Structure formats: structure tokens, C-alpha cells
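Heads up, there are several structures right after this.
Both of the next two complexes hold chain A, though its partner changes from chain B to chain C.
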Partner chain A sequence: MPGLRLHLAVAVRSFRRWSTYRAATLSGIFTNSVFGVINAFVLLAVWRANPGAGGYDATDAVTYVWLGQSMIMTIMLWGGGAPSDLAERIRTGDVALDLYRPVGLLSWYLAADAGRAVFHLLTRGVAPTVVGALLFDLRYPDGPLTVLAFALSVALALLVSFAVRMLVAVAGFWVLDSQGLTMTANLLAIFFSGITLPLVLFPGWLGEVAMVLPWASYLQVPADVWLGQRTGGALVGGLALQVGWAVLLLGATALVLRAAERKVVVQGG
Partner chain B sequence: MPLIEARDLRRDFVVHRRRGRLRRERDVVTAVSDVSFTVEPGEMVGYIGPNGAGKSTTIKMLTGILVPTSGHLRVAGVDPSRRRTDLARRMGVVFGQRTGLWWDLPLRDSFDLLARINDLPAARYAENLERFTSLLDLTALLDTPVRQLSLGQRMRGDITAALLHDPDVLYLDEPTIGLDVVSKARLRSFLRELNRERGTTLVLTTHDLGDIEALCDRVMVVDHGSLAFDGRLNDLRAHAGATRTLVVDLAEPGPAVEVEGAQVVRVEGPRQWLSFPADASAAPLVAALAARYPVADLSLQEPDIEQVISRLYSTARPG
Partner chain C sequence: MADVLAPARPRPAAVLRHARTYLRLAAAWVRSSYSYRLSFWLMVLSSFAVNAIEFLAVVFIFANVPDLGGFSLREVAFLYGTTGVPMALANLLVGSVEDLGRSIRTGTLDQMLVRPVPLLVQVCSDRFALRRVGRLGQAVAVLVWAGLFVDWSPAAVLLTLVALLAGTAIFFGIFVGFAAIQFWTADAAEVANAFTYGGSSLTQYPLTIYPRELVAGLTFLVPVAFVNWYPALLVLDRPEASGYPGWLGLASPVVAALVLALAGLVWRLGVRHYRSTGS
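Right after this comes the complex of A and B.
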């Protein structure tokens, strides 16, 4: 693939760009750690009252909290990242200049977001996890295969989250002010990713639905892989769900991008 | 073979107007209407017109990000909107009010990425980067993030970015907008040199007629979507019915002089102002004056280009 080196270069520069925000990174790590402690105590209280809720024990629940804190920025649970740059370029019209480049927007921004995600994983992913590990008793993967599956699951989570964020950003070609849409998308992600409350605690049909929505790929599936809740068929099923959403949503994003390009070029809007 | 060939180029836009609560009315607005022109390699063409005249629409069609409604258009032998990415390797585009640089990255990183996008050989890239950054005085700024650059510095960065891949044609949309006098002058001399050394074709839209006077041998004036004028800058003056003024200082005050081909428009003591058509020569006029009157001094005032253009807009306007 001739564009591979270019995209690698894009990813490396994106990594470097995010690494220049040192103060933001440090204060982010601090915030993640504080919220990790608070949420850990909240869930510990829940599990003291109701041991074994959702098939987790108290250690699983606390581990879930710290995994959640480390994933917030890595997969941009609350929106942002490279697709936000695109949204801004659409809003200002600078995107017209991107259309002159002999490179597709989707792969370009995916590379940029991947570079960013690696930076956030190494800083705002690892650091709060270390804090959590020092303060609490956590559960760790039971073998290298689980670690590998977890890594794969996080990569897929990034793909799904990237596709959702891109779809929202590209909507800016049609919607003059995409802020409302962005806010709605972020709220859905906050609720259905399980960052506020693990999806395993969602009752009845709501839980069943939430478990197969795209947002389940963000945190619940990778966390369950880490915790050993998903092994064998369930592991394959979880990864397959992520692959399915990633393919579907990236395909949709590619189609919408093509439509947007057509709209700009043919309709002149 | 001309580099750009446009025949009966037309672009309509469909606009929806709200009428009442639910009804929408469909209107067709013609932004560019049956424009024809050709541009030869190495030309420097100024494309001017009032706001909303269709300049940007034309540039968008030339660069392939807008499909013409009808007409024939070839740039470097290809249909721009169908072969946009192929053409992208042969053209550079600079929009004064937009940037193609990456906001949070050092200038050098944007250039590196663009060189990779365009598969530029390393040696060529190094040579061009060195040349353009030294000419445009950017060398010291290469490691500064774009967001920290001033408007003029960013503009020079965008121009470097548009030229790194040795394009045959450079489109500049309002390149000097917001720049101070010194930056403008530096940019103009750079563009002149680029054209002279590399034969790069320049197509430039601007509201600053100083750009046109400094750079362009040829001007196209567009108004209401049609070409109101296409020719040399000097001919534009004549075309618009512009006049030149001969200021004559006589040895002593007297009545208005009488000379064929010119009219006295103002008398102030020994000084008199004579108006004559811009395309006529001043030489016979001066000779006739000197033969008949005691002339102490003479000076010639060229018509102000701004005046010429505004005159052209108002005459081209229907109604």
C-alpha cells in the first residue's frame, strides 16, 4: 500500500501534536485519578449492598472503574479527537482545500486519530491505571492471550468510536450548526458506553439492547475481555460485535463522505 | 496548447426561498454565465470583479471542486472536476482567507506531510523548501506551530505549501488580503520572480488593484457572471473610456489654451489641466502646445486604475 508510509507519518505527527499539551495532559491525569477514586467508592458501596451484581464481584467493579477512566481519552468517549478538527474545517470552509489533496479524508483522519489515541493510551490510559493499582485491589488479565485480546478489543473500540465521531463531524456538511447533534451523540455515548454505570447493571431489556449497541464496543466489551468475563465463544462474540459495528459504521462514514464531496462539487454547497 | 481553455462556461446554483410556512420556491441563480477565455502557459492573469461577480465560482471550477453546469473546460488538457486529484499534482491553490496548513503543527511538519502526499522526491523537496523559505523569509519560523504565526507569515507558509510540488499553475484567491504594505510588496516580488524563473502560470483574484498593476500583464474583469473585459491593463483604461491628464505650467497666467485632441478641465493661475483619451499619445499634444504657448513645465497623470474599474462596473451593469 503506497499510502501506508504517509499515514504513518500523519499518525506520528498527530501523536507529537497532542504531546505538546503537557499541562492539559497532567491535569487530565489528575482529574481521571480523582474521578476514579470517587467512582470506585461508589461502586464498592453498590457491590457491598449487592454482591455479585451483574456477574461482577467487588474487585471486578473497581477494576472496571479504572479501565473506564483510562479509556475516556484513549477512545474519546465524550467526542473530540481528529474528527473535531475536520468538523472545524467544515465549519470554516477550510475543508475545500482538503478536497484538492490526492488523499482520502477518511484514512487521513483515522491515521491522525490513531496517533492521538496512542498518545492518550500511554499517558491518560496508563497513568490513572497505575494510580488505581496503587490504591485499590484490581483484577489483572489471566494470561498473554487475554492481554492480546484486550489490545485487539481496544483497537476495535477506537475504530467504532472514530466512525461515530466522524459521522457526526461530516453531518456538518448539511447541518449548519452541528453542536446540537454533537451534544446528543456525546450524551448517548456517555450513557450507553457504560462509563457512568456498567452496562451489566442495566436492567432487563434495556441491558440487552445496550449490550449490542455500538457504544457497548467502547468500554463494556474491552473491560469484559480484561476481566475474563468473556472467554471462548463470548470472547469471539464480543470481538465480532465490535468488528461488525466498525465495518458498518466506517462503511457508512465513507458513503456519507462521498455524498458530502458530491454535494460540494456538484451542488456547490 | 493553452493551459486553460474555457468555452461558454456556466454555473447555476439552485436556491430555495421560503414562502410562507411550508412552501419553498426554487430559484436558479446564474453565478457564471457563458464565460470564454484561454490562458497560455507562463501568463500572469488578474481576475477581478466586485463581490459576488463570480470570481470564486470560476476559480472553483478551474480547480475542479465545482462542476460547471454547462460549457467546455480543460486545464492542462483534462476536465478538472473529473480528474481533480490528477490535476492537484500540477496545480497549487492559495485562498487568502483559508489555510491548508495544520494548525497545531510546526510549519515544517505541514510541509513534510504535503511533500509525502505529493510523492515529492526527497532531494527536490529539500531544494524547494530551502528556496521558497529563504525567498519568503520563513526559515527561522519552520519550527513554529502554525497557530503562532502572524497572518502574513501564515500566508507565506500557505504559498510555500502550494508551491512545494512544482505546480504548472498557481491559483491565488485574494493572496494579499489583510497584509501590510511591506508584506504585500515582498509577496509580489516573490511571485514575479517565480513566474520569471520557473514559468509558473499565475491566476489571481484580488480586490487590491495594486496586485494587478504589480503582477499582471493581462486582466479579466468579471461582472454579473460575464466577462466585461479581457485584455491588457493599458487597454482596459481605454476600454473603460478613461482619460489621461496633462498638467501644463505656462510662463504666466492666461486664458485656457486651445489645442486639438484635448480639453482644458481646470485652470489655476499659470497651471492648466488638459484631459485627453487614455489610448491617445501625449507626444503630438505636447508638441502642439509647445509650438503655440510658452510652456514652463509639463507632467502626465495616468488614470487611476480604481477609477477605471469602478467606471467599468457601472457601465457594464444593466439598468
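Right after this comes the complex of A and C.
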């Protein structure tokens, strides 16, 4: 399958491209770790005052914080990654070159983003978790199956976040200034992913709604898999939610892209 | 280059002149960003909303617990506001210093060095982002709300105002001091975030939730505890909560002066160390 080899090559080069920023990676790890410490102490205080809040115990809560810090860059929770490159290329018109290639735009950028994600997982994912493990008592997956399910859940988280970021980027074909859209998307992700506060602490119906929105796939579902909060039917349900959003959003992105290819007039000579 | 490296002895007149230059440079950037009105207002809104979300998280926390580290929602809101406002002011005035690394990489810092305006004034006003008033608006709103429940006396009002000013100066120093690291490693901009935004995040909560060693660090090493914690304990009449003597709440201006002096020193060392990227 030549297509697979091509996409692998794209992913590897994207990995290498990101790996050149060494000082930036190190300083990012440092900052993730500092914020991990801050958030861990805040949540520890919450669980001291209410030991069973949200169905977690204190160890779960602290582990959640460090998993969150590890996911920020891995799935580009705050936006960015390969879809940002596309957005810039749409703005400048360079996207015309991309459209000439005998490869689908979606799979090309997905491969690039996957390569980046692997780099960020290995550096800014693993390192803060190690720091967290050294400083705090963490909960670890209780078996190889849980590890496997977690890995799958993280991959699905990347797919969903990629699809959302792509939709925003592709909107640039129609909207000249997509800043407003980008910001709205980022705000929603920051709030509803549970990076600011675990979704299990959201009050009442808001918590229930947040649990089934696409952004729950970003952090809450993978974290619950890791923590053993989702087993059996709940585990399948969580993964199904992620698969559902991934299929739906990637499908929507593919449709929008096809429409864009038909109508777009690239600016400039 | 000699005059650039010579320690500037700020005379009142010179300071005033530099402030005027700063304002003029900043105003130019405001005009340029305001020509995209919709974008500008969206950015202000977003800056407001990001921080509003953060405070909403605090409110949600209190849906789960009666108090946090022995402090009520209103007290935490007061702490949030009294660190939020100084952070937002410092962020507005000198936040651009974070982008020092970019000026170094692209070489625009060299252009700045040959202009007859202090480098710090130019770097801080470079790409001045008025959109950051969104953050300020949010912090002021929280502070005003929290203030409704404070038992105000003239002394408490004075203490709060002094703390807000001193806190701004402390964050100002932390922004400049840690941004200066980029003179050595232009890519490591994010390290500073841990101290600037990290320092402000830490002090949004009562420091009673942190281990004693960390509080000592926030008091003696990176003294963000003086931005709001010690003064706020006096205003909220909770001097016993910190485990340190209550008069520390009056020391913020002194600490601010120390931080500013140290930041100035680091900045000057950085400028001296700076070698252009060349060609």
C-alpha cells in the first residue's frame, strides 16, 4: 500500500520537525509541571473538604491533573498543530499546492498531526507525568488491558481534537478572518474538556451535558479509562462516544473540504 | 554601544520622558490593531472570556465544597481579584516583553538597540496589545463583586490600593526578569510563564492549601505572596491564617522595590550578554 508508506513518511517528517525545538520543549515541560503542581494542590484541598467529590478520591483527582497536563500538547487542546499550518496556507493561498497533490488533504494533515502528537506524547506527555509521579501519589492502570484501552482512548482523543481543529481551519476557505471562530473553538475546548476543572465537578445538568459533548473525548474519557472509573459497559460507552464524535466530525470535515475544493478561487496570481 | 550598556540613572525628568515615549509607541500599535475593529473586539472578548471561565471553575469548586483551605467563596474571590488586577495590569503594560525571543531571532532587537530610546521601553511597547484589557475587565469585575462583602475601613481601602500597585510592580518585575532569560536561550520563553501566570494562578487561592515549603518559596524566593496574600489577610481580618506575622501585609511596597531592582539587574546582565544573531 503506497498510500500508507507516504503517510508514514509525512508523519515521520512532522515528528522530526517538532523535535528540533529542544529548548522550547524543555521549557514547556517545566511549565506543564509547575501548573501540574498548582492544580494538584488546589484539587487536593477540594478533596480534603469533600473526600468523595465527583466519585473520585484524592489520588484519582491528582492523577487526573497530571494526565491533563500530559494531554494539553499531545492533542493540542488549545488549538494548533497541523491544522494551524493548513489555516495559514489557506490564508496565504499556498493551499493551492496542497490541492494539486494526488493525496487527500485530510489524510495528509492527519498524518502530519499524528507525527507531531507522537513527539509531544513522548516528551510533553511522559515527562510531566514522571514529575507528577515523583511528587505525588498517583493511581496507575490496573492491568495491561486498561493500558491498551487508555492508548486507544488517547488515539481517539487526538482524532476528535484533530477533526475539530480541522473544521475551524477549513472555515478559512469562506471566512476571511477566522480569528473569532478559532477563539470560540478554543474557549469551548478549554472549558468543556475538563482541563480547567474535571467535568465530574461540574454541577448538575451542566455536568451531564458536558460528559457527552465532543470535548469530553479530549481528557475526561481517557482519564477515566486510566483511573479505572470506566470498566465494562462504561468503558465501551466511553470509547463509543469518542468513536462516534470522531466519525461524525471527520465526516463533516471531509464534506466541507470537498465543497471547498469545488468552489474555492485561490487569491493572487 | 557604550551608552546602551551604561546603567541608566533614572532622573524624574527622564522617567517622564520614557513614559511618554512608551505611551506614544503603544498608541501606534493600538491604532494599527484597532483598524481591524471586529477582530479587536473579538480578542478583547476572548481575553475576558478565558479568564471568566477560570473564575467559573472556582465557583464550580464551591458547588462541591463549603470552603477551600478555610476560606469562603467571597474570600477566595477577593484573593482572585487582588492578584488578577495586578497581573492584568502588568500583563497589559509589559506583557510584550515575553516576545523578546522573537525579536532576537528575527534581528529586530538590533534595530531597537540603535534607537535613542531605552531598550526596555521599546520591547515592552512592541506590539502593545490593548486587547488584554479584557483580562483586566474580568479581574476588576471579580474584585468589585468580592469587595461588596468586605468590611471596609479607610485603612483597608488604602491597604488594598497600595497592594494593587505594589502587586503590579511585583508582576512587572517578574515579567521582565524572567523574560530576560531569553537573552541566553531565545527559545525558552515558556519557562517565564511558570512564574508569571503560574505566580498569579497560585495566589488566586488561599496559600493555606499549599505545603509550608511552597509558601516559604512564594514569600522569600519568588515573592508573589506579597501581591495579595499578606495584604488581603489584613483586609479580610484573617491575620492568623498564614503562620507568618501579620505585618508582612504592609511590606508589599518594599518587596516590590526589591523585585524591580533585581529584575533591572537581570535585564541589564541579559543585554550585556546579548550577541546579535549576526549577518
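We adopt the following convention: the second predicted complex is superposed on the first by the 263 of 269 C-alpha atoms of A that agree within 3 Å, B and C clash if a C-alpha of one lies under 4 Å from a C-alpha of the other, contacts with A are read in each partner's own complex, and residues count from 1 in each chain.
What we mean here is this: contacts are C-beta pairs under 8 Å (C-beta built on N, C-alpha and C of every residue); 3 or more make two chains touch, one makes a residue touch a chain.
In this text the structure is predicted, and so the values were computed from the model without any measurement.
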**Prompt:** Here chain A is shared; do chain B and chain C fit on it together or clash?
**Reply:** fit
**Message:** Let me test your reading of the model: by the given contact rule, A:Ala53 touches which partner, first (chain B), second (chain C), both or neither?
**Reply:** second
**Asked** Is A:Ala133 touching the first partner chain B, the second partner chain C, both, or neither of them?
**Response** neither
**Prompt:** Can A:Ala259 be said to touch chain B (first), chain C (second), both, or neither?
**Reply:** neither
**Asked** Looking at the overlay, does A:Leu187 come into contact with chain B only (first), chain C only (second), both, or neither?
**Response** second
**Which of chain B and chain C A:Leu44 touches, first, second, both or neither** = second
**Asked** Of chain B and chain C, which one touches more residues of chain A?
**Response** C
**Item:** chain B versus chain C as contact partner of A:Phe30, first or second or both or neither
**Value:** second
**Asked** Which holds for A:Leu148: it touches chain B only (first), chain C only (second), both, or neither?
**Response** neither
**Message:** Tell me the contact category for A:Asp177 with respect to chain B and chain C: first, second, both or neither.
**Reply:** second
**Fill in**
Once both structures are overlaid, the C-alpha centre of chain A sees chain B and chain C separated by an angle, to the nearest 10 degrees, of 90
**Message:** For the superposed arrangement, tell me the lowest C-alpha distance between chain B and chain C in Å.
**Reply:** 11
**Prompt:** Residues on chain A in contact with chain B in one complex and with chain C in the other?
**Reply:** none
**chain A residues within the chain B interface of the complex** = 5-6, 9-10, 13, 16-17, 20, 85, 92-94, 96-103, 264-268
**Prompt:** Given the complex with chain A, which residues does chain B contribute to the contact?
**Reply:** 11, 13-14, 57, 60, 63-67, 81, 84-86, 88-89, 91, 93, 95, 98-100, 102-105, 109, 112-113, 116-118, 145
**Item:** Residues of chain A touching chain C in the complex
**Value:** 21-24, 26-28, 30-31, 34-35, 38, 41-42, 44-46, 49-50, 53-54, 177, 179-180, 183-184, 186-187, 190-191, 196-197, 201-203
**Prompt:** Contact residues on chain C for chain A in the complex?
**Reply:** 36, 38-39, 42-43, 46, 49-50, 53-54, 56-57, 60-61, 63-69, 185-191, 193-194, 198, 201-202, 205, 209-211, 214
